[in-house]
Amino acid sequence: MIRTIFFKELKILFVSPLSWIMLGLMQIIFAWIFFSRVDYFLSIQFQLGRMSSPPGITEIVNIPVFGVCSIVLLVITPLLTMRLFSEEKKNQTLPLLFSSPISILEITMGKFLSVMFFASLFPILIFLMTSSLMFGGNLDLGLMISCVIGILLLSSCLLSIGIFISSLTSSPIVAAMGGFGINLILWLINIASEDPETFIYKVSLINHFENFLDGTVYVKDILYFIIITFFMLLLTIKKINNERF
Amino acid sequence: MDSQTYLEINNLNKFYDKHHALDNVSLNISVGEIVGLLGPNGAGKSTTMKIVTGNLSSSSGDVLIDDINIVQQPTKTKTQLGYLPEVPPLYKELTVYEFLILASKLKKIPKKNITASVESTIEMCGLREVRKKLISNLSKGFQQRVGIAQAIVHNPKLVVLDEPTVGLDPNQVVQIRELIKKISKNKAILFSSHILSEVEAICNRVYILNFGKIIYSANIKKLTDNLLNSFQFEFTNKFDESIIVEKFPKSKINIINQFSFSLENVDQLMINKLLILGIENNWGLTKMIPLKESLEKIFTSLTKNK
Amino acid sequence: MNKKISVKLFSASNYLLYFFISILLIVSLIFIDKFNHFYDLTNTRKFTISEESSKILEELKENLDILVFSTKESVEGNTRKDLHKFFKPYLSHTNKIILKFVDPREEPFLAEKHKITQNGEVVINFNNQSANIKELTESNFLNTINKLTNVKISNLYFIEGHGESTFNSLGPRGSNRFFNSLSKAGFKFEKFNLFNEEISELPVNATIILLSPEKNLLKGEIKKIISHIDLGINLVWFLNSKKLDYENELSEYLGIKISSNTVKSKRSVNLNMSEDFTIPKQINKFGSLDDFNGTIVLPFTRIIKQNTSSKFNFKKIVDLDYNDIKNKKGFIDEQFDLSNDNYSPIIIGKNNAKVIVSTSSDFFSNENYGLYSNLEFGIKLFRFLNYEINKIFIAEKTRDDLSLLINNRVFYSSNFFLILPIIFFILGFFVWWKRKRY
């Protein structure tokens, strides 16, 4: 049953030209960053041999693209999730789902997984694009995989927050605005927390992502994202269930 | 309990904070019946239907579909349930065909039967010409038909329709009614409306709802049968009730006011007698009205001033 | 009426539930901060610490306090985040490291106490000892920890019976102050009678101390000491201040010839000191003496010649100024080479055993010597008995991802991704156009 909702949402996503435009724009941004970093690397290449602990191709070219992706996700995820529940409420299509033999958990998971799938295209695109350098040099594949894992976890977290916000309102625009607002706050927290010793650093969303950019997959970071995703989805299910009261 | 009873609602209550939306509503429907739910706006028709279809929870009371409580086994009961709410739940970005395939999957039709079910539903609802069209590009009439299609694509035993003809032009209304009659074989259909003639035309039985209470229930056929050959007589002058009672001891006399009354089971002989009576006593017969709209009268008399 | 109350209760408990869930969420997020374990996926295992490092960290029994003096705003490459990054693998390996960041501008006195000279300087505190690290590399960090933690603190065994000074003797000539400081630093003291103890009873990290015996030791006693040294046990031989003949089996075994006379200095008179006290020209700082920055005064220095047949490795600690020596003639007669031979104290080593041959034991106590840092020198010298001669060397991890060649394959494959957005836009238009017609 989750599959039914999953494929239906994906279909609606991909028959809308907006999704393709989004993909195209994102790819332009990533490619732009990528090529400018390649340029930079080529210009400083010969200096690296002289440094005491030099960064490699992966650190200079690939990692910044993933870093940009994480910031761009803050803008994209509200757009992806805004329709999920608010449009159902607006068009009053929820009765079809409620009168069918499908549970709210299945509905929520189906929708969540569909946007996860879409959002996971971004790190995959980046991975493939940056891997093209493999033909001309050596890349740190482990480091890149760590970044992909980080982006996937970050997306799941942001998407689950977006789904919850979408379940609160029947206007997709309001849902998008709410999502932007929350993500803006998250971004500001990230900028404000430079000192690793502070409390704010420990609860900041994006700071937990940055360890993945180093190639270190921390157990606590994985747990952090999973816990938030789980709680947000739980709240969403509760909220939708309350619609019946 | 009738062995054929498919939907049974027992003492259903619904409170919205202090507002008592449904007050001990009980009704039942058997397979093959089309039951109408009548009532003014706000009476609780939609609320009842939402509870039956799992869109709303009740405060107390239970709903049994095929003897299974919908709260305890929602999945099992919903495979035999089709619902068309006031606003048809259509995904406008999909085509008719895609949408019905989706509905089939949602209703858990086995994979191998999906195409066949969808095709037959398309035929039955007259959607053949528009099957490849986007739902957003369809007229209201066709959209309503798609709404009914999603309610029956999985051939459920219970179909719940909430004001399915509202907003349609007269031709479309007739088409929808025909469709409902067509699909009613082997199904229990609960159908709500505030158009009395419609209920009269389609339903076997009717319940009238007002302020959350069932205030009247009747078998339409019996009602119309009773209303056959019933007439209402209107006079300029006051008539004498005792004379009428004396002359027509077996008939049911319904005094409406000092100037009019109605009689059931009136035959030609009685009419002649009455005419003579009227002339003899100088009552001054002005009107003789066949009582076809008495359902309306029942309705208005029961629901006004409350 | 009952139904109404239960409906109200349910909606009230809903808010309570949300509140409870939020609190649970925040608490669990703070709690998981303790899980510091991570998986290092990098090619070069950049964040995985070497085996030597993990061994040292695992053996830590007390807390290692690390103070990082870093301003809250710094240039890129040296920010608090970068410094925190450095300590990542160590923090995840052991919970005995307590990391604290201090802004030197906010705590100037603390910074001065630790003699901080640059931003990003790190001070490591362990067991009342501290050391500064200016350049933070794995090598430096570990060697500093190693220096401080002194995994094997030596037990000191004092020989008796030959007129040795006792280590708890009081008075200006007593070594009491020095040994007090040693005991504060963790050294343990035992008396050792060469005739009563069995060889096997001394632990492997023991050091035998000869505290300036006046009489020569018996052959049997020397034999016992030699067999101990062969087993890897250290020896500290404090020479007497009196003129003595040190030609015996012990010096023969060690391969040294000790002058019977002590050096007399010309210049010390000018400094209001007895001529028996010499100020060395140079102190060779190695091992535990690495960060010794004081000056010392040598009383009753003797010349120690290295025999060619010696099986020991020699390390010269002090160098005297040839021109400062007053009584050169006596030494030259005894065939000592004043320019090339060693002056006490020296350290010699064979396999695991280290032997310090030093001037009289009073040397280390500071009472008579005013501003000189003999005490500190002595403690550092004794630490050398525990210190591994081999410094930990962490090899720089080899990198092979430092060069990029743009060949045809790179060019075409990467440029495909430049065209990809156009493909996406075309697909989007196509999809829109197709659906529009429906």
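By letter and in written order, the chains are A, B and C; residue numbering begins at 1 in each of them.
One rule holds for everything that comes next: a residue touches a chain if its C-beta (ideal position, glycine included) is under 8 Å from a C-beta of that chain, and two chains touch if they have at least 3 such contacts.
Just so it is clear, the structure is predicted and the values come from calculations on it, not from any experiment.
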Where the contacts of chain A and chain C overlap, which chains show up? B
If you tally C-beta contacts across B-C and across A-B, the winner is A-B
What is the chain whose Cα centre is as far as it gets from that of chain A? B
Calculate how many whole Å lie between the centre of chain A and the centre of chain C, each centre taken as the average of the chain's C-alpha atoms. 46
Could you give the separation in Å between the centres of chain B and chain C, each centre being the mean of its C-alpha atoms? 93
How big is the gap, in whole Å, between where the Cα atoms of chain A centre and where those of chain B centre? 51
By the touch definition above, chain A meets two or more other chains at residues 15-16
Where in chain C do residues touch two or more of the other chains? 435
In the complex, go through chain B and note every residue touching chain C. 13, 15, 17-18, 59-60, 95, 132-134, 137
Interfacial residue positions of chain C with respect to chain B in the complex: 3-4, 7, 435, 438
Using the touch rule from the top, collect the residues of chain A that touch chain B in their complex. 1, 4, 8, 11-12, 15-16, 91-103, 244-245
Applying the document's contact rule, which stretches of chain A touch chain C when the two form their complex? 14-21, 23-25, 27-28, 30-31, 34-35, 38, 41-42, 45, 48-49, 53-54, 56-58, 125, 128-129, 132-133, 135-143, 145-146, 194-197, 202-203, 211, 214-220, 223-224, 227-228, 231, 234-235, 242
Using the touch definition from the top, list the residues of chain B that touch chain A in their complex. 50, 53-57, 74-76, 78-79, 81-83, 85, 87, 89-94, 98, 102-103, 105-108, 150
